[in-house]
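In the two complexes that follow, chain A is the common piece, with chain B as its partner first and chain C second.
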Partner chain A sequence: MRSNRMGWALLAPTLVILAVVGFLPFFYVLYVSLFDWNPFSNQLGMQWAGVNNFRRLVFDGAFLDSLWRTGLFAFTSVTIELALGFLLAQTLVNSFPGRTIFRTIYVLPLVMAPIAVGATWRLLTIPGFGPIPYYLDRWFGIDFRLATYADQAFITVILMDVWHWTPFVTLTLLAGLTAMPKEPLEQAQVDGANRWQVFRYLTIPMMMPVLLTVIFIRLMDALRIVDEVFMLTSGGPGTATQFIGIHIYRVVVPKTDYGYGSAMSLLVLYFTIVLCWLLFIALAQVGKQRE
Partner chain B sequence: MLKRKLTVVLGILVLFSMVLSACAPAALPAAQPAAPAVEGEASWWRTAAQTAGCEGVTLRGISESTPPSRYAADVLAKAFEAETGIKIELEATSWDEMYTKAINDMQAATGIYDFVYIEQDIIYQYLANNYLTNLTQLLADNPELASPDFDFAKFTTFIDNFKDAEGNIYGVPMEAFLKVYLYRKDLFSDPAIQEAFKAQYGYDLAPATTHAQYRDIAEFFTQYGRDNGLDLWGTTVQGNTGHASSFYEFFESIAPTFGVYNWGINMDNWKATVENGGEMNSDKAKEALAFWVDMLNYAPPEATASTWDEVAASFAAGRAAQGWVYGENAAWIATDPDRSRVVGNVGVALPPVAEGVMEDAESGVGYIGYYDGGAFGLPVSSKNQLCTLLWLQYIGQESVQADWAIAGSRIVMESTYDDPKVQEVDAKVDGYYTLMKEAGPLFRGAPPFPFHAALREVVQPYIWKALSGELTPAEALDQAAAAADAELVNLGYGQ
Partner chain C sequence: MKTSTLRKTFGWIGLYGLWIAMSIITIVPIYWMIVVSARSRVELFDAPTLLITSFYAPNYIKPLTDPVFQRYLVNSLIVATSNALLVTVLALLATYALSRWRLPGADNIFFWTITQRMAPPAAFVLPMFLIYTRIFKIGDWTMFDTQIGLILLYCVFNLPFAVWLMKGIMDGVPVELDEAAFVDGANRWTVLTRVVAPLVAPGLAITFILSWIFAWNEYLFAANLTSVNARTITTGLAAFVSVTGTNWGEMAAVATVAILPALIFLVFVQRYIVTGLTFGAVKE
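Moving on, here comes the complex of A and B:
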């Protein structure tokens, strides 16, 4: 009984912090989402709207577009990061001259703040002044104008994310590869398995928990991306790179549509939780299979 | 071994920092505090600060990082502190961030800011929400704190933007300027260029007075730059495809020159579409947008990434022969050799207009461009109302206006136009201040919309899409007008 009380006492600070920074804002957002509340509307103050804000979301083309765009961005960038990350991790697991220097330089983007990453890429790509548009034009005759061509902007945003986060994927997978038992791999080679078979039937299954964890972390990050993209393109040209985070920002901050923005945030939170849950199920499933 | 490595790394770092220090620009000269008008007035400020119990108080404000704001932060704030003992912390930040922080602070009544920048176009939103303190009333209630060197009557009529229906004032004007037509005098007056232009277009090269002329000039100089291997294009375009600046250039500078006023919103019934009585998607508006989007063909490649700052920088770098440029940048572009490559070569003129627009402007029905500016206002949520009142009066003294006008190309008082220092700079800026004084009434600020930002957020994506070619100008305005109508209903207008 005493130890139980002691346990709660020790937990109390954490629970209080969790309630203040987690639950209270969540319930406040839930509350606000049930109102029409724009300080610059004709009706000042909060007007009861019930679930009308959520109903509006279903028919909001701009919201649905940004959701779809975010999904496409997250899927593409995480897939590329995984493929590249795995390749580089496989390379770095072996010893070669200059490996330490390469690894040090390679992980540098990881320590950069997202806003600095966005600023760096902006300076690199700004039309008229950036080296990338200059050399693309000079060497390949490519008219690279990030603020004009939607496809170029979208691809550049993906490349920026890949540049920023592939080192993280590589390091994590490298840790997984290093920790992998060597015996099964050696046994398979003795049994005559070729490199592809070893990779397909041993490495991948053994790395699955690490892979899923990496996917989990990177997907969450990619879905909530804001700073780098806002710095690089501000969501443009048009709405070509207006991902859901930027879209919500525009609705809540400059447009001051607090009620609708809250409903939007909650729906996105719901989608994210569902996605997390699916990944968690997959992770648990893999764990069971391994047992 | 480790020690040796560390020594090498530290050595490299020290060397690197030394190189960086050597490359850094020389430190700016210390700001010159504005001298108090007379000895007696200086003591009046100190006495007033003591009376209000403000000595040692720190006032926090937020403003957009513009030349006038930076002057206020670097010069006036220090001078005020020296005279009163009240410290001013003025956060000069980006336009977007300024609004976000100011509105959040006033909406939540947190009282972080004691004074905020109120742009002319946002005042109606702020008044509707009772964010601001009535300065007329505050002065009347505290006559002992009314400076003898401060008088609302000394300001230009620009101050009318900061009044409510009863004539009470809610902001002390700190900047006001026109968005003017700048052109390169050296290029326009070059005999060889003049000859080539006349041969190609059949009329003399001169600042454009019509849109057709503007287009010809833009086309000519773009080709001229290409033929001569110069980084020179025909026009600037404030065409950022992800920032509100492009929305503003179109609706506040371009569309009015085609006769589309007040963003094309019918202010009687709050409708934007032609079928509902608005003009946002009228033929005139579509012609205006088509003209402006076409100008991208003659603009530097950075045009679709340019806000007001980049437009000024492009013009100052000599990359454009003409353009619509915010007047707050006119003085430094024309006079500061450290920042501008076109010093001494800047011409100022009225923008080109369509037929009938000048008559509209002269009769008061319409306007030919944007009369921008702002004031410092005192949020109701400020906990230092009386101390801030002193600061607002301090920046509203006649004696500080001339130097401020030179530093920031802004004039808010009639008497500033006649100051010898201002007149001297006026000559170097091709008569920008004179043009502001004489032609100012032809320009107008943003329409008095309480829903300004909300509507802008809805409409601007369509302008961006027109600029990026995703939509034609006609499609963009049809969709924008429909979205505007829907949003206005949503906001409770035009039911």
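Moving on, here comes the complex of A and C:
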């Protein structure tokens, strides 16, 4: 009665769709990356290039700059989100009147379309009527112009990301904190451990799997940011906020450099997979230590 | 005794101060967008005030009566709803298969596809564009600029996550229920639709809503895999940036319309959002 055939039949539509729109592009991009291909250049069609595209990548200053910029952005924003999220999660563990209301308001940004988040922050920062430049000028005398100052643009993008995603970090850590057994904490307090010791030697180790999961998800999200930044600064001024996603997009879409763009896509994909893999190993290690 | 009450009071003040501040920080950007959407061009450049004193309706009326914009809205609705339905049904079938049969290798396949969700979408824009314009074509018809193209594409992101989410729920339905129904003479299909599906209905609802929100919010692929017919509201919103002399009031109105459905859905999925966003790795 229980032949596997029925099981595979139920699974088949899912697998077919994932194969067609999930795996096919991967192999196709692998294929295209070995060619010189620009439909709007003089030479027609695809010209065999071997690994030349990859060789070109390693010495491409603009590409390497945007990788470094993306890393810096991801590291900074995820660090801030984790610290802030942990602090806020701690305050939500115990119930207090109004907690549900605060929580509901607080998670609003989570379901907003990234492109709408970008639009929101753009409206906040437009010189002339946006409240941020207005009050910064009035109270601190700071000349705030996203389109002119690279540092301001970079910081604003980080702040936008923190605004958008700290609620996610908070809620996830809160879920972890709530699921944590209470006895060891109480026992430690009875034994005279101070707050810092409890936090350092009990909370942090016990929260490790959840922390790593959050770092994993947030880091991956931050590394592939496009929509919000595109809406807020379009990667500018200059290349100040041109992160890797926008950089690939620029090479591929307006310049139609298909072969080179494919190679770039692959390399970024490779970095992502390696990073994923390292974080998975870290997670597995933590899992082992607990047993 | 006295110092501890004092400390407690300060603790409460700190706690409420913190959360009122956080709420204001969260709300103000969204609120400002609504303020801008309610003002005319002239009012915007007056002295800034955070109060809504009047409502300038043309910001909303103009895009909402524009046939092009209406089509964006309808496309978004069709794409998001069809994708969410497809993902939910496929996830139901797939997780039923995964939980009732031992299918060698099947788990690995999903583990693999989850990396797709983690990968930078920009890396897939080009291959998807080339595949849709050059490979999936029958005569003059291509997958490029079609709703079905977007519906299928979003499965790449939504399906692995939906399977992840539903698997745990499906495993919670005891096999004995299936077997009891078989004894009563039911076949597989009846068991799945009449016995199992109703039991996992809440999970299906969450899957549907979270998939819907993702599909509704997606921008990068929608912008690059459509040109005229299948454009969605997020692309419509982004188009405001490139237009010279942007009409900020209208842009704010469109953005408000774009976030509204997701905010309404949030009420239903708030409790499950962590489970959804962490692929079930962290349960709330």
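Assume the second predicted complex is superposed on the first by the 287 of 291 C-alpha atoms of A that agree within 3 Å, B and C clash if a C-alpha of one lies under 4 Å from a C-alpha of the other, contacts with A are read in each partner's own complex, and residues count from 1 in each chain.
The definition used in the following text is that a residue touches a chain if its C-beta (ideal position, glycine included) is under 8 Å from a C-beta of that chain, and two chains touch if they have at least 3 such contacts.
Keep in mind that what you see is a predicted model, and the values were worked out from it rather than measured.
Asker: Is A:T104 touching the first partner chain B, the second partner chain C, both, or neither of them?
Answerer: Second partner only.
Asker: Which holds for A:F129: it touches chain B only (first), chain C only (second), both, or neither?
Answerer: Both chain B and chain C are touched by A:F129.
Asker: In the superposed arrangement, does A:K255 touch chain B (first), chain C (second), both or neither?
Answerer: A:K255: touches chain B, not chain C.
Asker: Is A:T272 touching anything from chain B or chain C once the two structures are fitted on A? First, second, both or neither.
Answerer: second
Asker: So, does A:A150 touch the first partner chain B, the second partner chain C, both, or neither?
Answerer: first
Asker: Specify the partner with more touching residues on chain A, choosing between chain B and chain C.
Answerer: Looking at chain A, the partner in contact with more of its residues is C.
Asker: Going by the contact rule set out at the top, does A:L88 touch chain B (first), chain C (second), both, or neither?
Answerer: The second partner, chain C, only.
Asker: Answer with first, second, both or neither: which of chain B and chain C does A:V51 touch in the superposed model?
Answerer: Neither partner.
Asker: A:S234 contacts which: chain B (first), chain C (second), both, neither?
Answerer: Once the two structures are laid over each other on A, A:S234 reaches both partners.
Asker: Quick check for you: in the superposed arrangement, does A:N38 touch first (chain B), second (chain C), both or neither?
Answerer: The answer is first: A:N38 touches chain B but not chain C.
Asker: So chain A touches chain B in one structure and chain C in the other; where do those two contact lists coincide?
Answerer: Touching chain B in the first complex and chain C in the second, residues 126, 128-129, 234, 253 of chain A appear in both lists.
Asker: Show which residues of chain A lie in contact with chain B when the two form their complex.
Answerer: 38-44, 62, 126-129, 133, 145-150, 233-242, 250-251, 253-257
Asker: What residues of chain B sit close enough to touch chain A in their complex?
Answerer: 96, 99-100, 103, 107, 125, 128-129, 240-244, 296, 300-302, 304-305, 319, 450-454, 456-458, 461, 464-465, 467-470, 490-493
Asker: Report the residues of chain C in contact with chain A in the complex, numbered from low to high.
Answerer: Interface residues on chain C, with respect to chain A: 12, 15-16, 18-19, 22-23, 25-27, 29-30, 32-33, 36, 44-45, 48, 50, 90-91, 93-94, 96-98, 100-103, 106, 109, 113, 115-116, 118-128, 130-131, 135, 152-153, 155-156, 159-160, 163, 182, 188, 213, 216-220, 224, 234, 237-238, 240-241, 248, 251-252, 255, 258-259, 262-263, 265-266, 270, 273-274, 277-278, 281-284.
Asker: Which residues, counting only chain A, touch chain C once they are in their complex?
Answerer: 1-2, 4, 6-11, 13-15, 17-18, 20-22, 24-26, 28-29, 32, 88, 91, 96, 98, 102-116, 119-124, 126, 128-129, 131, 134, 163, 167-168, 171-172, 175-176, 178-179, 210, 213-214, 217, 220, 223-224, 226-227, 230-231, 234, 244-246, 248-249, 252-253, 258, 261-262, 264-266, 268-269, 272-273, 276
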